[in-house]
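You will see two complexes here that share subunit A, one where it goes with subunit B and one where it goes with subunit C.
Take a look at the complex of A and B:
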C-alpha cells in the first residue's frame, strides 16, 4: 500500500509565490512600522530618520556584497567545522552500517519489501546523523564567535554583516554537503550490496493524473467512505456505474506500448471465495469523440502492482461482437491527455483508490541511482534549510536558545502543520479556540453548528485572531513534508518533480531571503560588545 | 603630523543598560577629542576608565548613547571606513585553529585583496613581526608574545592609514614590549596615525605624541606628552660642576658667580607621576573634567 506521504500532489508554484510574497510583505511592513514607532519612542523625531538610514545602509550592503569576502568566511567556517571534529559523525555512521545488516536482513518471502527497509534505513541514518550536526554547528557558530570575540576581528574589517551571515550559511552548507555526499555514496553501495540479485533495483517513472469519481448512478460524485482510517482513499462500488476516472497528461512521443500500473486496495462486504480477488476493468475514454474502449478484465493483485500494457493499436469487440480497432494516439489521446476509467466488476465489493494508486509508467525505467540521488537531494535541501534557520537564529540569540528555537521549528513544528492547515482553512471540526471552549462548556457536539446569533458571530470573529496568528506561524514554520523522498525510492518509483522536488526547492529558496535579511538586521542592530 | 583630523569625537557618552533598559554603568561621559593624521595618540586610564569602550565605539562594536564619532570622514558605523583601519584587540581574538599564513590570508580576503597581493603581504608581515619559524603552526600553539605579533600583522594586512591598538604591550616581556614600541614608531615614521590605549605608562611615554587621560569615563587631561609633563611652577637651571664655594653662593646671587648656564628649563615629572596626580585630583574633586575649548581642543599640536 502506498503511504500517505506518497500522494503526488502537484505544487502550485504561482500560488506558492503569492503566499510567500504576502507573508514576506506583511512581516516586512509590520517590522518597519514597529521599528519606526520604537525608534520614535527612543530617539524622538530623528528616530524614523535613523530607520530610513538603516534601510538605506541595508540596500548599500546588499548591493555591494563581495564574493571574495563571502567565500573567505565560508571557507573559514568549513575549516572551523572540520577542526571542531564535525567529521566524527562518520564514525557513528560507519558503526551503524557495520552492524545494520545484522538487524535488517530478514528471510522475507517478499524480498522486494527489503528494498524499502534498506532505503528507509539509509535515509533515516543520514538525516538523523547529519541534521543534529548541521543544527548544532549552525546554531553555535556565530554566538561562539561573539563570545570569544573572533567576530570582532572580522567586522572591524570591511566585511559586512550580510556577508558574515551568508558566508556562515555557505560554510555550514558546504560541510553538510560533504557529509551527505559521502554518506550517500556509502549508503548507495550498501543498498546495492544488501539487495538480493533477484530483486531489481529500478526507478519507475510514473505519470500521475487527475482523478474524479462517478457514483453508482454514473453521475459525478465522490467515492464511498468505507470507514477506513486511512482517509486518503475513496472506494468504488463494484458491479455498478461507480468508477474512478483518471486523466493523464501524456508526454511528447508516440511509443508503441503504454504501460498502465496500479496498486488498488480491496474492500469486501462479503467473504465469498477468498482465493478469488476482485475483478477490475480499465476503459480508455475519448469524451470528445465519444469513444470508449474497454481493456481486458484483470484480477487485482492486492499488495503489489497490476501492470497492463496497451499497444498502439487497441482492439476490442463491441456489443454487436464486431472487432473495432483504434489508434491510441490518434483516437484516444486528445490534447495530450489520456483518460482511463477504472471500475470494479464484482457486485458488493469495493476497490479503494487514490490519485497516486494508478499511473502511466514511462518506459524505459531509469536507474535506481537516479531516484536515489534525487531523494538524497531532498535530504540535502532539508539540511540547507536547517542551516539557514540555525544561522539566522544564532544572530539574535545565544547558542542554546538558537538550538532550541531551531529544534522547535524543524522537529516539533512538523506535526503541527496538519493541525494549523486545518484551523487556518476552517476545516477543523469544532472551530477555533474560543468556539472549542464554548462547546466544551456547553457540552455541544463539535459537528453541530453553533446557534446563529450575536454570540456565534462574536466567537467566530474573535477566533480569527488566533487563526490568523496560526496562518502566520504556518508560513514561518517550514513545511518539510515534501523533503522526505525516500518513500518513493523505496517503492522503486522516481521522485516526482512537481510533487516533491519543486516544493522542497521552493520552500528552501523561500526561506533563504528572509533568513538572510533577519540575520543581517539582527547582527547590525545588536552591539557585539554589549555587556 | 598634519592638521587634518583623522578621528573627531564630540560629546561621546556611553551608558550600559541592563536587560530591562535600566542604566547600569556610565562608561563614558561627554568625551570630546580629535586625533590628527600622523600622530601617535595614547588613551590612558586605569581599568574601567573607558579606554576600551572608546576604542570599541570608534570601531562600531558599540553604539554611542549620545554624541558623534567621525573616523576618516565617515561615521563609526560605516563599514567602508574599515578599509583604511587596522585594529589590534586587547586580547588576540584570532581564529586559533588557523596558522599564521591562513590567518593573514583570511583577513586579506576580507579586504578583497587578490591572491598574489595577499601572498606578498603575508610574507612581508610574517617577516616583519618575526614569526617565520612558526608560520605553519596553529595559533593555539603560540605564546602570548607570538600571538600579539600575529595580531599586529593582521591589523596591518591592509597597510592601514589609521591603526588602533588596544593595550598593545600588555602581557609582553620587555623584549616583546620593545619590539611593539619600535613597530609603533616605525608606523609613525611611515606617516600612519596610531591610536593606542594602555595603562603601561612608560610605554605610552616612549611612543606617544599626545595623550588623553581618562578616569571614570571622563576626560581629565589632553595634550602633548612633553607639555603635560612639564612642572609649570618651577624653573630648573643646569650648570657645569661648581666648586663647593660657588654652590654656597648660588643661593644668594647666582649671577655673581659668573657660572655658564647650560640650560634653563622646567623640570619634568615622569608620566607615572603625572598620571597618579591626575587620578588623585579626580578623586578629590569628582565631576571636574577636562573640557577642550572649542576649536582649541582640536588644534593640532606644534611639533
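Take a look at the complex of A and C:
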C-alpha cells in the first residue's frame, strides 16, 4: 500500500532472478534428495531408480505437452466454472455498485479528495469479490474431480498430468479474466460518472529521481525528524543551507518545456506570516560546469500539486543584477541527468520531502483509462497467482485444506510479510524467537542489548534456525504489495513500470513454474481412488 | 448414551425450542398495530430509545447495522484502526471517508460524534498550512457535528459542540481574523461566489451569532435531558457569552479597519466601536436578565446569579436554608462563571465614554505609528483621560489584566510620543496611578513595542 507519499522502489530484475533461481534450486535439490532417501527407505535400492524414472517421465511429459489437450481441459474448466455459478459474483458486484454512493458520501466542496476514495473502492470491491471466487474454484476443482471420479476419465485418456494442471490453471484464469474485465469496465464507468466534470481524471506520467540531503551547514546529511508518528518524510530547514537534491534521469528528446511537480509538506516551528504558506525555491544545478540557476520562488500548496514549468531557455538575474541565460539541455542536463536543489526560504520553518514528492512530469498526460487498466492488470495478475497456488494446493490436499492453505498464504501471509522481512533481515527490534522468549521471561525491554556472553551468543546462534526457516517462507509466500496499484491511479499518477508492474509480473511468472511442477508431481503421486 | 430414539430426541429438541420461544416473544415482540409489543419494545417507547425517536433515521446506517448483526463492534474497531492509520499517514481523503463509515455504524454514540468532529475541526485542520485549507477542515468538523444533532435530536452536548465550533474555534483560533471573514465569505469563491457556505451559515451571520443560536437550542434540549460535559450554570451561560464574545470581536475587528481616507477611517473606527458598545449593552441585558435570573439547584438550595436581598430571602425560604447559605452559593456560582467580571465589563463597555476611550487610544497609537506624533499625543491624552474616568467608575475592572494592559499600553505609547517630541513626561497625568501600580508589566509591553514596526 502507498503510504504518506508515493515512493516507488525500482525492482531489480537481475537480483530477483538470482534470488528466484537460488530458492527454486535449493527447494528442487532438497526435494529430490528427500525423495531419494524416502524411496530408498521404502523400496530399497529400487527406490532411487524409481525416482530417476519419475524425473525422466516428467521431462518427457513436459517436452511432449499438447496445446490442444491443454486447451480442451481449460475449455472444460471454464464451462465447469460457469456451471458452478461462478458468475453469480456479478450479482453481489451489481448490488455493491448500486448502493456504493450511499456509503461513499463525498464532499461536494472538495471533490478532488474523493477520487482516491472512489478508485480505492472499485479496486477493493473487484479484488475482494474475485479473490474468493478464484480461490474456491481453483482449490475445489481437482479434489471435486477426484471425488466424483471424473478425473479418471481424463487421466485414462492420453492427457498427461501436467496438461491437467496447466489446463486447470488456464481455465480458471480465463473465467477470472472474464470477471475482472467485466468488473473493470463497470468500475471505470462508475468512477467516471461519480467524479464531477470540474475534477480532471488524468494520468500524469512522472519521472522519479534519486534524493540526497544537505544539512544546515551544507554538508551531506539527512533531513530532520519533526516528530511525525510515521516518518516517511524528512524535513529540510528553511533559511539555511539545508536542501534536498534530486537527480532525475531524463528521457531522450528535448521538449521546449519541462514541468516540475512537487507535493511537499509544511512544518512550522512558529506561526510566522499565517496568510501565506511557506516559500520554496528550486535551483537547477550542473555540478560539472558549476552552474546554479535559481527558479522563481513559489508558495507550497500542501498535499496538492505544485507545478512549475521550465522553458528551454532559462533566464535569471545573478547577484550583480545581470540577466543570464542558459539552455536547459546544453548547460544544465548532463549525462542525461537533471539535478534540482529544493530549499525552504523561511527561516526556522521546514518543508517535508520524500523521494516521490518531487518529479519531472512528462507531457502530455495520459488518459485516466491508461493508468486505470494498468492497475486493473495488477489485480488480474494477483488473481492469476491465486489461481495457480490454489490449483497447485488442490493437487496434493483436499478442497477445504487447499482453501485454507491458499487463504493463509495469500490473505494472512501479506500482513506477516513485513514482519518476516524484518526478522530475516535482522531489523526486527527484540531479535528472533528465542531472544524474544528470553526477553519476555526476564522482562527485558526490546531496545536493551542482550548481556554479552555465552548465553547471548547461544541464543543468537540458535535463532538462526527459525530465521532461516522464515527466510524460506518469505520466499514461498508471495509478496503481493506491488500488485496493489490503485494508490497511483487514485492520485492521478501513472503506474510505474519498474516500481509496480515489473515486480508483479515477475512474481507471477516466478510462481508459475514451481506451481506447475509441484502440481504435476503431486498429481502423479496422489492416490486418485482416495476420495 | 441416552436411551432416546432419534425421533424422540427431535421431539425433545422441538419442545425445547418452543419453551425458549416463550421468553423471546415476551421480551422481544415488536410493537405494531394495537399491540404495545414485548417488554423491550415497551421499554424502548417509554425511554425514547427507538431509532426514530432519537433523531432522523438513516436507512444506510440502519441497514449496515442490521447486516453486521453482532459484529458491529469488531467492524468499528477495524475502522478506527484504519482511521488512525490514514491520519498518521496523512491520507486525508481516506481518513474522511473512514470517519463516515465509523459514524454510519455508531450513529447514536455521542462520544464518537464528539471525538470525530473535534478530530476534523481541531486535529486535522492543524495539519494544513494554508488558512483556507484549515478553514475547510474546521467546517468539516462543524458540519459533522451538525449532522450529529440531526441524528440525535435530544442530545444537548452535540448542539453545544456545534456552537462551540462555530464560536470558539472560528473566533478564537490564531487564525481568527481569517476564519471570521471566511465564515461570512467562504474562500471557495468558485462554489460560494463570495457568500457564506449555506450549510453552516445560511443567514450570512457573524460566527458568534450562529454559535449563539446553537447554544440556545442546546439550552432548550438541556431542559429535558441532562448534559454531562460541564456544570449546568456554565452550560447555560453560553448564549449570553456568545453575545459578549460577539461584542468583544467587534472591538478586535476594529483594529484592522483601514480606509484610504483618514476621515473615512476615523468614521469607520467610530462606527465599529459604537457597534461594539451597542452589542455590549444588549449583552449586559442577556447576561444579567436571561442568564442572571436563571435558577440553579445546588446541593443545598436554589440560587440565581442576579439576586437582590428580597430574592435571597425568597430563595432561602424556598430551600429552607439560612440566607448566608444562599449568599455562599451565589458567590460560588458567580466565581465559577466569572459572572461579576462579565457583568462589569458589559456595563462598562456599554458606556459611550468607554467606547470613545478605546477608539481614542487606538487612533492615537495609529497616529504615532504613522509619525503624526503631536496628533497621536493629543488623542492618547484624551483617551487616557476617559479611560481613567471609566476605571474609576468601574473599580472591579481596574484590576483585570486585559483592562490594565490596554491602559498601560496607551500610556507607554504616549511616553514614546513625548520622548520623540522631546517633551518631558508631566508629573501628573491620567492613568498615572495605574502606570505606577503595574510596572511589572512594563518589560513585556516594551518587548511588544520593540517588535512592533514603529
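As a working rule, the second predicted complex is superposed on the first by the 519 of 531 C-alpha atoms of A that agree within 3 Å, B and C clash if a C-alpha of one lies under 4 Å from a C-alpha of the other, contacts with A are read in each partner's own complex, and residues count from 1 in each chain.
What we mean here is this: a contact is a pair of C-beta atoms (placed from the backbone, for glycine too) under 8 Å apart; a residue touches a chain by one contact, two chains touch by 3 or more.
Quick caveat: nothing in here was measured; it's all calculated off a predicted structure.
Enquirer: Which partner does A:193 reach: the first (subunit B), the second (subunit C), both, or neither?
Expert: In the superposed model, A:193 contacts neither subunit B nor subunit C.
Enquirer: Applying the touch criterion given at the start, work out whether A:290 contacts subunit B, subunit C, both or neither, answering first, second, both or neither.
Expert: After superposition on chain A, A:290 lies in contact with neither partner.
Enquirer: Could you look at A:427 and tell me whether it touches subunit B, subunit C, both or neither (first, second, both, neither)?
Expert: A:427 sits against neither subunit B nor subunit C.
Enquirer: Check whether A:301 is in contact with subunit B, with subunit C, with both or with neither, and answer first, second, both or neither.
Expert: second
Enquirer: In the superposed arrangement, which partner chain does A:85 touch: subunit B (first), subunit C (second), both, or neither?
Expert: neither
Enquirer: In the overlaid three-chain picture, which partner chain does A:66 touch, first (subunit B) or second (subunit C), both, or neither?
Expert: After superposing on A, A:66 lies in contact with subunit B but is clear of subunit C.
Enquirer: A:320 contacts which: subunit B (first), subunit C (second), both, neither?
Expert: Neither partner.
Enquirer: Examine A:116 and indicate which partner it touches, taking first as subunit B and second as subunit C; both and neither are also allowed.
Expert: Once the two structures are laid over each other on A, A:116 reaches subunit C alone.
Enquirer: Using the touch definition up top, name the residues of subunit A that touch subunit B in the complex.
Expert: For subunit A paired with subunit B, touching residues are 57, 61, 66, 68-69, 71-73, 76, 79-80, 83-84, 148-150, 152-160, 527-531.
Enquirer: Would you tell me which residues of subunit C are touching subunit A in their complex?
Expert: Going by the criterion above, the answer is residues 60, 64, 88-94, 96-97, 100-101, 104, 128-131, 133, 136, 139-140, 174-175, 178, 188, 191, 197.
Enquirer: Enumerate the contact residues on subunit A facing subunit C in the complex.
Expert: Checking each residue of subunit A against subunit C gives 3-4, 99, 102-105, 107-110, 113-117, 120, 228-230, 232, 265-266, 268, 271, 274-275, 277-278, 300-303.
Enquirer: Which of the residues in subunit B end up touching subunit A in this complex?
Expert: 16, 24-25, 56, 59-63, 77, 79-80, 82-83, 85, 87, 89, 91, 93-95, 97-98, 102, 106-107, 109-112, 154, 158
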